[in-house]
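Structures follow.
First chain A sits with chain B, and in the next complex the same chain sits with chain C.
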Partner chain A sequence: MEQNNERVIIGEMLKEIRPEFDFSESDNFVEDGMLDSFDIITLTNMLEERFGIKIDGLDIVPENFYTVGSIAELVRKSGEK
Partner chain B sequence: MLHIVSQYLHTSAELYPEHIALADGKRKISYADFLAEAECIAAGLVRRKRFKKPVAVLMDKSAQAVAAFLGVAMSGNFYTVIDTKMPETRVEKILDTFRPAAILTDRKNAKKAESLVDSCGADLMSYEDTIGASIDEGLREEMKQAEARIIDTDILYVLFTSGSTGIPKGVIITHRSVIDYTEWASETFGLDHDTVFGNQAPFYFDNSVLDIYSAVRNGATLHVIPQMNFAFPIRLLEYVRDNGINTVFWVPTVLSRIADMGILDKCDVSCLKKVLFAGEVMPARQLNVWIKKLPEALFANLYGPTEITVDCTYYIVDREISDKESVPIGYPCMNTDILVLNEKNEPAATGEKGELCVRGSSLALGYYNNPEKTEAAFVQNPLNTTYRELIYRTGDIVHYNERGEIIYDGRADSQVKHTGHRIELGEIETAVSSLPGIAMNCCLHKIETDQLVLYYTGDIESEEIRIELAVLLPEYMLPNICVKLAQMPLNMNGKIDRLKLRGSMSDLTV
Partner chain C sequence: MQTVFKGKRVSAILGIVPEEESFFDEEVNNYSFPVRQTLRLKKIMGFNKHRLSKENSTVSDFAVYGMNYILSNGWIRREDIGAVIVVTLCPDYFVPHISTIVQGECGLDQNVICMDIAQGCCGFLIGLMEAFLLLEHLGGKKVILINGDILSHKVSKKDRNDFPLAGDAATVTIVENDSQAGDIYYEMHMDGSKGDALKIPAGAFRMPSTSETARMTDQGDGNFRSLDHMHMDGGAVFNFVQTEVPPLIAHMLKETGETVDTIDYFLFHQPNKFMLQKLAEKAGIPAEKMPMDLVENYGNPSGASIPMVVVTDLANKLTSGMYKCCLSAFGSGLAWGGMVMEWGNLEKCELIVSTL
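== the complex of A and B ==
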């Protein structure tokens, strides 16, 4: 239940950052060029703020930003640290 | 006699034909191939009988874009760089002013280029087709003659910066200015054939001029680091490590972010020997994180507006800078004179604030197709009443400290009157950036209510900021409102977008 909620929130954040894209159409946001370097900074700040977590610099790598699922996994992992 | 930049390329290709000149993640190009590709681009323009004409380059940031610039230069024409991601309305405004004779594009951007060609009537040149065409002897002779006609006061490039009125201004830079700058940079920072540059600056941003022309002059290697690495700083450090990059010229935001993330301990970048930065104020606290990690490396703060060819002052860090200090912008570059003029247009005394003005071969010829703006910014030196001598007024406020170093205080237009005090917003920003937990910050003055508004990002609450700032600043300089943002709005060059923040100030109701 909580996990689904997380995904919805992440989806809303992506929509806020890049309203022009349909993120549900993509299975790799990075490869598809939907998130540039500023967007990644913005998104990590938003995630940290919203979920009260600290994302380790070593975890800010492309594979953790491919899909809503991988971003949710990053949030979960960061929350455990 | 060295007088045009294509001579750099001819010399390096002769001395180091097999050495890797350019690499961009997709391709590695030797100096021999670099020259061959540049010659093909030049041939394409000479064949069209173009000379001293504007050429717009609409290409992805890549090794071949660099070859395109040198090719245009060699043909006696000049280029401007159009960012492939730039909004169409801005591109149209630029082309309206620039009126290119040709648009040089790569396959990926061909469609976009075609629609632009339709509206501005330029020739469309495909990079891939142009480097595929052969050059016969007659054409080669014509190319030689064209190159021999170029003189050092001819234009090399025009870079467009945002104008306050919304019409981009095209800063006109000559071969002579770039040679002046490149010779200074090479000598001052000891750049040579063994230098391996890791380029960050977009090519429409003039910091890239140091990377490109210093590399070509010295027969060095230039890595055009794939943009995505800047989104994932650990990947960026790995790229530096894996490619043995020893020299970088990056904007402070990139260096600060790496410092803040604490990842310098996670990847060995001891190959880095020279770390240069410019474009914004470098916060001392984050700089010190770098210095601690790379104690042997050279760190230098460079300063200058596009109008004086990238940089006009520099400071090589040669002493301990406390976290609370602002990093000096230092001393004039070689063959450049700096005048700090106070409100009476007289030289400012030590400690007195004044506008930084520049004199030298580095001065732009003005703004392309815009005589009014040119005349307003490039003016007669008020200290000289006997002959014509132009200076450029930067609009930046600075002062000399007791050491004789120039210290940046802020923009002339960021000096505000608040509760009767004259305040430099930059001074508040420097103090804020020294606080632990602050990532980025920007201070503005809300005139209607006479309030200082601080926007910031980071890991610190606004009450805490006020408490800690009270130790650093007089009471009248403390922000009245602190707004924590999840993201700092940035403009195309990665600098804080003050205009956007200014716009959002009206929403504040406190």
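== the complex of A and C ==
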């Protein structure tokens, strides 16, 4: 339930950053050009503020932002540190 | 490279900036991205305002302006200058070099060694290394180190990734022998295999500028630039910095017997606020020990960034006391390096605004 809620929040953040895209239709947001490097930085900042976490600089790499699932995994991993 | 320099000190720094300030809030409409989306970056990246030089101003103009200022205000006498080193990515010409232009315009002696070095973000550290080495052979004379770049001329105004960062500036630093000075620990590393991450593709001999290289094209990500413009692969550079710099800092502290607690200031190159915050988090550096507001107020002035941090943030401190400082720079090349030293009691440390 908590994980589902997390995914919903991440989906809302993606929509807020790039409202012109339908993220449900992509399995790789970066490869599909829906998130650029500045979008990833913006999302990182939003995730840190919303979930009260610190994301390690080495984890701010495209592969951690490919899907809602990989972003949720990043949030989980960052929350454990 | 890893070494210790002995009996050397940086005794004075002058920063020179152009008078024109450009504001991020007013530039957002130049970009093809939604304004709301772009404005989010203001707080995160520290985009606020930056200094832009006039279209016909060059690095030698800034260098001569600064040199004339320190000469006319008694910072140094012409006869005490043994060498002029200019570190820049923005030469006036392929030939002659800026250092010789400075020598000629400022009436320096024919025995003054003049040397230009092409280096970007690590330019202050590379320039200091060369100055320290030259000081062994100048018979007690001093080295003038000039760092300057006007990269706003080489960045597309329709490129949101690169233009907000650009900040034109130059610094003139006096470096000299001092038998009482403490050891200066120094490290420098290079990885040319990653050099394409920060590149100006056209304009030199590999790809001379033509009407074709000057043609603006949509990069497919909403940014517009030409092959004559500078481009940074932000993700690659960010990852490089986060991978290489924290271990470098840890290694320098270990080698010098220092800790984050015993260092008073961490004076780093100023790429953007986000990158510096992530570096500080990773290295456990408290924000108050690490100035990170240069991009916000002046832009990223490439190799002049560290001395610009000194003149804008720490002039009062470093002219009135001694502090343990850890310097680090990282960027084009790709290159990364640092210094640990006790630094301060600067004889002069000022920022001036030019009409250039």
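Methods note: the second predicted complex is superposed on the first by the 81 of 81 C-alpha atoms of A that agree within 3 Å, B and C clash if a C-alpha of one lies under 4 Å from a C-alpha of the other, contacts with A are read in each partner's own complex, and residues count from 1 in each chain.
Note that in this section a residue touches a chain if its C-beta (ideal position, glycine included) is under 8 Å from a C-beta of that chain, and two chains touch if they have at least 3 such contacts.
This one's a predicted model, so the numbers in the text were calculated from it and none came from an experiment.
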item: Partner chain in contact with A:Gly57 - chain B first, chain C second, else both or neither; value: both
item: Which superposed partner A:Thr42 touches (first chain B, second chain C, both, neither); value: both
item: Chain B versus chain C as contact partner of A:Arg18, first or second or both or neither; value: second
item: Partner chain in contact with A:Asp32 - chain B first, chain C second, else both or neither; value: neither
item: Doubly contacted residues of chain A, that is, touched by chain B and again by chain C; value: 36-38, 40-42, 45, 57-58, 60-62
item: Chain B to chain A touching residues, read off their complex; value: 227-228, 230-235, 257, 261-263, 266, 457, 486-487, 490, 494
item: Complex contact set, residues of chain A against chain B; value: 30, 35-42, 45-46, 49, 57-58, 60-62
item: Parts of chain A lying in touch with chain C, wherever the complex brings them together; value: 17-19, 33, 36-38, 40-42, 45, 54, 56-58, 60-62
item: Residues of chain C touching chain A in the complex; value: 34, 37, 40-41, 44-45, 160-161, 220-222, 234-235, 238-239, 241-243, 246, 274-275, 278-279, 281-282
